Amino acid sequence: MLGFGIIKGLAETWRNFIGSYYDPARLTTVQYPEQKLPPNENARTIPFLVFDGEDPMAGLRCTACSICAQECPAHCIEIVKDTTKKPDYLGKMQFYPKVFNIDMGVCMACGICAEVCPFDSIKMDRVFELSSHDRGMVLQKSDLAKPNDYFREIHPTEAAAVDAARAEEQRKAEAKKAANPVLAKS
Amino acid sequence: MMAVSDLQTSRAGDSAGHDLLEVSMGPHHPSTHGVFRMNVVLDGETVVKLSPVFGYLHRNHEKIAEKNSYLASIPYTDRLDYICSMTNNWAYVLSVEKLTGLAVPERAEYIRVIVGELTRLFNHACLAGFLLQDMGALGTPLMYAFREREKILDLFESLSGARMMCNYMRFGGCRCDLPDGWLEQAAKTVANFDSFLDHFEALLTGNEIIRARSDGVGVLPAALAINAGVTGPGLRASGVNYDIRKVDKYGIYSRFDFRVPLGERGDVFDRYMVRILEMRQSLKILEAAMRDIPAGAIIDPKAKLRNLRPKAGEAYGRIEGPKGELGFYLISDGSATPYRFRIRPPSLINLTVLEDMCLGHTIADVVIILGSIDIVLGEVDR
Amino acid sequence: MTSSARACLKTRLLMQTLEQIKDRITASFPDARLEIIANGSPANQPSLLLDHAHARQIARFLRDDPALRFDYASNVTGVDWPEKIVKEKIKVKKIIDGVEKEMEEVSDRKTSAFLESVYHLYSMTLGHGPLVIRLRTVNRGDDVALPSLTPVWRSCEFQEREIFDLFGIQFQGHPDLRRILMWDNFVDHPMRKDYVPTDSGEVAL
Amino acid sequence: MKGLDQIFISTQHALAGLAPAPLQPLVSMVLIIACLMSVFGACFALTTILERKTLGRMQNRFGPNRVGPFGLLQPMADGIKMIIKEDIVPFSADHALHFLAPLVLTVPIWLAFSVLPFGRNMTAVELDAGILFFFAIGSASELAVFMAGWSSQNKYSLVGAMRAVAQMISYEVPLVLSSVPVLMAAGSLSLSDIVQAQSGCALGWLPHWNVFTPWGLAGFALFLIAAAAESNRCPFDLPEGESELIAGYLTEYSGFKYALFFLGEYLGLFAVTGLAVTLFLGGWQAPAAWLEWVPSWGWFAVKFSAIIFLAIWIRATLPRLRMDQLLNFAWKFLVPLALINLLVAVAWLKTGTWRFPAAAEVRWLLGASVLAIAYVCLGRHWNGPAPRPRQYSYAE
């Protein structure tokens, strides 16, 4: 109990005090609004819906299959199917969502919806500055829709894989169509 | 062998004629680590009775899980012990794997060990920080611990997408493979952690005030610790050699060469020291795991994430979480949702002996004893 | 063989099968009614059903017996098994038109309703486990009771309180049986399968 | 350089000279009071921000840096926040005492500054028994703290107040005992005389400051420890002990009253720091003759800041003691060591007549070794048997 440990401890804090003036490892704080950490490619925050082409409502990949709504742990997704079908990128007739709402007050950003979606339609966003002046916590289809270019920008690796797979499927479908013109016509 | 008699729960004795002071510590008290509450009866500053009150954070996770699919419960487990989501995931998927008989590919096992040990590292470091905060050290050790924790959380973010609520493991493997360069980054972090520990110990271990505060405070005898089901570093600080990584050898822990540090007296200082020594052992495991990790698949091809319907039956799986034995008891009735989903929370059960450890000590000791038990209220109240 | 692998082998050898444990208990408690409950999952964790009268004695025996030494009750929990109708196919031999034929007959059988408490026991001294023991109530009414094992294992204290709180099993001999997670004025037991949540939880109208 | 050194005095005289002759003493007093209150008020504001920034740097972060350049206007923002906050008084509190406690704490502490010599000729009131006045004023804060704790009708406040009273009474003893050798050496109770007695140099380079004698060094350390406890600084901040007692006797205070408590606490720290500088570090004296071009109040400020920095540094590093250990430390370590120090000081003063070669060195070594032995013997045992090093075994 002679105080040597205390002196050792004081030396330790002194090292950090002096270090904070020249060593970036001793001053790890980021001055947030002016200075931001480089975005992380895999980071996920809230879900969004990917659309192809120019028109968000026409190009939505979502087919209202409701798998995400079933699997959502917090049950925050509400989907109402449209009554009519529209052709998708392969030319197949699919349903489309009339209503697609996500209650962001309930969403826990787990990413299970994006994981189970078989149409690569729902993906996880990377925005984190989500505070707002109103309580618009229920995001509608129009709020959620974001272009594929945006998806490519935030998750380049994953988007490239998705695009390649979709192009491959499209190519196969076209080849099939070419081989079987009769089937295609009907 | 120890002769264990029936250990009666100790209740407060009389006060020898003094007027007693009854203080309600918590749920909004700075050092109850959340919304924990203790009704403390004091004689002067000495504790003569202490009864814990729980439930302020209760959300009936078990009932929620009974209504959700097996997959949808994984993000909920993140929120149990919200500091160590990776190990919570692991315990849960381990139980589902026992229930379904899924195998885990080699690479996924290695990844699990790596993220699990990283979790243990920052949990223990932060605990030492919180403990010093409870002793009144104004956050300096906590900030140093958080500085290192940030580096590990960055790794978790680039791996799983989230820093704390990782939702990373899946029954039969893991959700996604390691990104490029992740292992190198992790190896760097682990290499730095050793020198961080040296400096951390220079700040804390030899400090006379810490020694005076923690020596002989909150002694937990080994026999009581076993009987009361205390697990984790708290048990090993009392000198009981029981580490589930060694006993059950779940995953691939039998391949790693590490030792289990054991305490001498079972007081607060031992609980702190055992955690420091455990971190050093974890570093050894991490180095070996990062060296040996093979390439390959990361999830069992038979694993079916959606609509999993295990055969009717039950399974209890447990791991050595950073706070103690974290177990999940699952009963399946053959449907897509668990029939019964039970969490064995180490934090709650380690609190059983809180009163025994605190009696006769002062109110300042109650705080550090609670701090040395290492509880997270998300897990205590579920 | 590394020393850890040898130690692992040792624990496996020490761990006896459930039948052996049952025989061991029966030898000490001849009039105890024990039953092995099979477990259909690959986990291979069958359990042992104890009767109320001997439960605490058997628990103490399991804890103190030198070959078993289950000194650590890890997980204690309740399970609610409400009455349900199981369709069973029974093969019946019937004589139809003088010819004996095997017929399948579907019959409805009501399972009995009960609450259950499950204890997962391990041995810290010998390193084996788990031994799963169960206790069942006679029905699932409001004042069903089971013997408390808290006097044997302190670790049951909060967990039995939790079962009392969430399932409504009274544990006889528990030193401090109060609600633990729900507040004191709460009336129902939320983990029962037929629980209907109310707004306040205090008056279930 | 003389002009800069005496700038405050000459300004005071010039300003007072403008007033009619009968009013001159009064005007001059008001000027001094205004000057003291503004300087140490500003010092309080500056210390809060610098403390937070230093703590931040020691904890690998910036500390407050948003309000004004480098965050220097943060105390203004804090002050505005404190003033406009709702002042909550518990329903069952003793309202009169609850209101008076912060005032009773702050007012006497201002008085303590009146006897401190901040520079050459810069003492507000030249008292012959200045140090006695200082200690008498300093002990008034116990009353205020207990008033606060008692009137709040809160259990945490009460426990905090009891701790504070026990702590302050215990630590006053070593505080006074460790300053007694200085009085013996100077032969005066006047603080100006004490500073004067420390002028000059020994051996041509070592200033005659008390801290450079064995008893002075030990006394300085004892004085700093006791002063930290008197002003409730870490590691003796038990009366507040935020991890145990939420905020101790401050628990039920909010708004401006809370700010007043903080003001009182920091002023108490400044006052004892100023006294430590005066008693042990030669007051406003420059360390060497060729450095005398720096004004005397500048030297006081430098020494003063160094001790304040030490207090902040310690606060960033150490956890706090427990109540029983705190009292053990006072009565079983500080008080005996202070008494031994007193004896060493007596021997030192008596042997001042030694005239053989290297007499100074021999005196120094003898005094230091007696104190070192006492330190080791007392230091080992003040908290019961010394903890032995532990062996941790590993299981495979």
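Note that the chains are named A, B, C and D in the order they appear, and that numbering of residues resets to 1 at the start of each chain.
Here is the rule we go by: a residue touches a chain if its C-beta (ideal position, glycine included) is under 8 Å from a C-beta of that chain, and two chains touch if they have at least 3 such contacts.
Everything numeric in this text was worked out from a predicted model, so none of it was measured.
Engineer: Suppose every chain is reduced to the average of its Cα atoms; which one is closest to the average of all protein Cα atoms?
Structural biologist: B
Engineer: Measuring between mean CA coordinates, which chain is farthest from chain A?
Structural biologist: Looking at centroid distances, D is the chain farthest away.
Engineer: B-D or B-C: which has the larger count of contacting C-beta pairs?
Structural biologist: Looking at contacts between chains, B-C has the larger number.
Engineer: Measuring from the mean C-alpha position of chain A to the mean C-alpha position of chain C, what distance in angstrom results?
Structural biologist: Between these chains, centre-to-centre, one finds 44 Å.
Engineer: Averaging only over C-alpha atoms, locate the centres of chain B and chain C and give their separation in whole Å.
Structural biologist: So the centre of chain B lies 26 Å away from the centre of chain C.
Engineer: When the centre of a chain is set as the mean of its C-alpha atoms, what distance in Å lies between chain A and chain D?
Structural biologist: Result: the chain centres lie 58 Å from each other.
Engineer: Name the residues of chain B that each touch 2 or more other chains.
Structural biologist: 140, 144, 147, 203, 207, 209-212, 246
Engineer: List, in ascending order, every residue of chain A touching at least 2 other chains.
Structural biologist: As it turns out, chain A has residues touching two or more other chains at 1-3, 6, 9, 12-13, 16, 28.
Engineer: Mind pulling the residue numbers of chain D that touch at least two other chains?
Structural biologist: 58-61, 316-318, 383, 387, 396
Engineer: Would you tell me which residues of chain C are touching chain B in their complex?
Structural biologist: That would be residues 4-5, 8, 11, 39-43, 45, 60, 63-64, 66, 71-75, 77, 79-80, 118, 120, 124-125, 127, 130, 132, 150-159, 166, 175-176, 179-183, 190-191, 195 of chain C.
Engineer: Okay, in this complex, where on chain A does chain B touch?
Structural biologist: 1-6, 8-9, 11-13, 15-16, 28, 40-44, 67, 70-73, 108-112, 115-116, 124
Engineer: Along chain B, where are the residues that touch chain A in the complex?
Structural biologist: On the chain B side, the touching residues are 68-69, 71-76, 78-79, 140, 144, 147, 150, 154, 157-162, 165, 167, 175-176, 179, 199, 202-212, 305-306.
Engineer: Residue numbers of chain B touching chain C in their complex, please.
Structural biologist: Interface residues on chain B, with respect to chain C: 1, 4, 6-9, 11, 54-55, 58, 60, 62-63, 98-101, 224, 226-231, 240, 242, 246-247, 249, 254, 310-318, 325, 327, 329, 331-332, 339-340, 342, 344, 348-349, 351-353, 381-382.
Engineer: Quick one: in the complex, what on chain D touches chain A?
Structural biologist: 54, 57-62, 313-314, 316-318, 375-376, 379-380, 382-383, 386-387
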